[in-house]
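Both of the next two complexes hold chain A, though its partner changes from chain B to chain C.
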Partner chain A sequence: MTASFAIIAALTLASAVAAMSLRNLVHCVLMLMVTFAGLAVLYLQLGAQFVGFAQILIYIGAVAILIVFAILLTRGSEPPRQSIFSATWVVGVGIAVTVFGLLSAMILSSRAVTREMRPLPEATVRQIGEQLMNKYVLPLEVIGLLLTAALIGAVIIAMHEKEGK
Partner chain B sequence: MTPLALYLLFSALLFSIGLAGALARRNAIIVLIGIELMLNAANLNFIAFWRYGPNPQALTGVMFVIFSIGVAAAEAAVGLALIISIYRHYRTTNLDQMDSMKG
Partner chain C sequence: MVGTLDQIFVTLKHWLVDFVPGQYQSVFSALLSVAAIVLTFATLFALTTLLERKGLGRIQNRYGPNRVGPYGLLQPIADGLKALTKEDVIPHTADKVVHFIAPLVLVVPVFLALAVVPVGRNMTALDMDAGVLFFFAAGAATELSVFMAGWSSRNKYSLLGAMRAIAQMISYEVPLILSAVTVIMAAGSLSAVKIVEAQAGYCGIVPRWYVLTPWGLAGFLLFMVAATAESNRSPFDLPESESELVAGYYTEYSGFKFALFFLGEYLGLFAVSGLGITLFLGGWHAPLAALGWVPSWFWFFTKLLALIAVFIWVRGTLPRLRMDQLMGLAWKFMVPMALVNIIVAGLWRFMSAGLARWAICFGLVAAAYWLLGRSLAGGKQLAKRVYRYAD
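Here is the complex of A and B:
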């Protein structure tokens, strides 16, 4: 468990760093796909099969492809001439390091993380489907409405405007 | 160190990488990628707490992650549409040049 976790975690973190620091945007998205795949493997390791496969389908299959389309539509595939980091990048990295320091100090000093390993809970797709149809039916409807509204809104925002209007 | 603490530390590191990218990069699309990384780190926290929590039969963490993935997909679609629309007006995705509302 620990060896496989270490390998997957190192791969995921390295690809996340690469996704945030490479010069070519298409390479960034390819590295982002590796990060999403590593996270899906971690979900599978934790016993959440449905979420793992949903991660692969939605993030690698849809979101990453959408980002590639956006990069190609905005001609971002050509590497920029000037620096890829903004003028205030030192402040940004400093804030991120501070946040990580605070979070890890909180995690390591917390008593909630000393729990023992429990037997693997059952989370079959059948159970998830029954819960979605009984207890969580209203959130399911709301998220359907949200996705429809987001789809229509995205199309309207990105639609080509008529000239001279 | 317990497995839960390892997962939480990993997710905190992933969140910080996403935050650093969102704050330090110049390109708007990379900023959106950083936000996606932060959302994914939060999802991993939910799954880890569900797995090692006191009542995993309730499936609460899994349900929250499923809805969170749905909201993140909607956010990515609208965000990329906004970036494409901004690119049409300004001919750039460089955030330092989008300063027409700067006082």
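Here is the complex of A and C:
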């Protein structure tokens, strides 16, 4: 574990905790963005350039902005007066700890931990592109068609101006 | 001699790096690139503010700044000193931390985006496989900054401006990226350097720039319109429309923080123009083969200044759009046009070269433009506007 990994991981975890526990919803969203950015940096550190940039572009550029918009459009951004913790938080913590313990026990006892690490495959953007264009071209086309259809559909709905106005 | 002048900055950098002991060389080299980017584009920013004020002044039949130094050339220094010495006012109810971070969130990613733009032969600070993707990913943070500034000020004008700005930026990002996709298809690479290399060479005396193909021309125009909207410039300056919203999302910023927003906005303009040059205008390639002896960086910055001149000209000429017109232009016209353009670019790729290909592709783009324009204007009675009180 290198120092840079430790710093990024700590920052990501801390911001994730803050995103759940801050009182002001907008602060929570901003912290969530830090979490997304931390994840993107982790991907970059692992050498996955494409995934890292896509993470920033989609999660920070689109998802988080969408959440911000939803908050602004639906209700005032004033922090709530009562406690933000649920009344049954003890039960919640219990369940979370149990699930975490079970999962980590399973992972630690499985053979995946003891197995030897294979050398990391080079995953350059060029290779991802070639795979997408050769082996996975049909799923890519289907997704592309679906998204384009959704885009055009949304525009057509917006294009239809209300009658009798 | 030709090569020396062309590579003068690269040679200078290698010469400087050689003074540093071995293990620090890569860090020092990166630092030098960063310093070069920051200095060059900050200077260009100072120059552009002056040019913009001068240009707008001339368009509006006045002189523009002409008091500080010869021909007003030292005006940017006076502006900078004023911004530095002004009192930094923070509203009492503002969210202090977010209010403080917002300008930084704007400026830092814009500098990051500038790092992937090739400004000359062998002069790309960050040459990576996914350069264009990196550019758009870095650009995503500017929306965040606008929201942070607008929300943390606790001012209704700021919030309204931020809402407008985010809606506008999200909408225009779609045609911006879709029009860039055509070039990525044609060049077969996401790397900015490879895209510039793909536009090398001349066909007769005509350079092989993508802007000189039918889909490239349409893509370039779409890209530049979307870029104008992305950088919140007139005629798309609704987020900061001073006659409606005081100053939009940076109403509550003063002193150097305001200067940082100003800087970020102009740097964003440079970055997106630089990408436009890289994608469509042949990057640092000379427009004529006979002019190949002129250094490559000279061509890049000439093209950049030419694009900035167009931006200033447009700002001085066109009135501001209305909100519904703004959204309508993005979603009803530019997005369908960009989608058609992608199909045309695909067709171009698979047709054999020749005049017939040019004519067919141009015909398709023009037909799409005409039909879209017609269907959008259909049913609207366009007549001369009659003013009740102003005549």
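The definition used in the following text is that the second predicted complex is superposed on the first by the 130 of 165 C-alpha atoms of A that agree within 3 Å, B and C clash if a C-alpha of one lies under 4 Å from a C-alpha of the other, contacts with A are read in each partner's own complex, and residues count from 1 in each chain.
Basically, a residue touches a chain if its C-beta (ideal position, glycine included) is under 8 Å from a C-beta of that chain, and two chains touch if they have at least 3 such contacts.
None of the values given here were measured: they were computed from a predicted structure.
After overlaying the two complexes on the shared chain, residue contacts for A:Ala158 are found with chain B and with chain C alike.
Of the two partner chains, neither chain B nor chain C is touched by A:Ser4.
After superposition on the shared chain, chain A has more residues touched by B, the comparison being chain B against chain C. Of the two partner chains placed by superposition, chain B and chain C are both touched by A:Ala54.
When the two complexes are overlaid on their common chain A, residue A:Leu72 makes contact with chain C while staying clear of chain B.
On chain A, the surface touched by chain B in one complex and the surface touched by chain C in the other have residues 50, 54, 62, 69, 151, 154-155, 158 in common. Interface residues of chain A facing chain C in the complex, by the touch rule stated above, are 26-27, 30, 33, 49-50, 53-54, 56-57, 60-62, 64-65, 68-69, 72, 77, 124-126, 129, 148, 151-152, 154-155, 158-159.
Every residue of chain A that touches chain B in the complex is listed here, in rising order: 1-2, 5, 9, 12-13, 16-17, 19-21, 25, 28-29, 32, 35-36, 39, 42-43, 46-48, 50-51, 54-55, 58-59, 62-63, 66-67, 69-71, 73-74, 76, 80, 83-89, 91-93, 95-97, 99-100, 103-104, 107-108, 112-118, 120-123, 127-128, 131-132, 136, 139, 143, 146-147, 150-151, 153-155, 157-158, 160-161. Those residues of chain C that touch chain A in the complex are listed here as 98, 128-130, 133-134, 136-141, 143-144, 147-148, 151, 159, 163, 166, 170, 173-174, 190, 331-332, 335-336, 339. Put simply, chain B touches chain A in their complex at residues 2-10, 12-27, 29-30, 32-34, 36-37, 40, 43-44, 47-48, 50-53, 56-57, 59, 62-63, 65-67, 69-78, 80-85, 87-88, 93-96.
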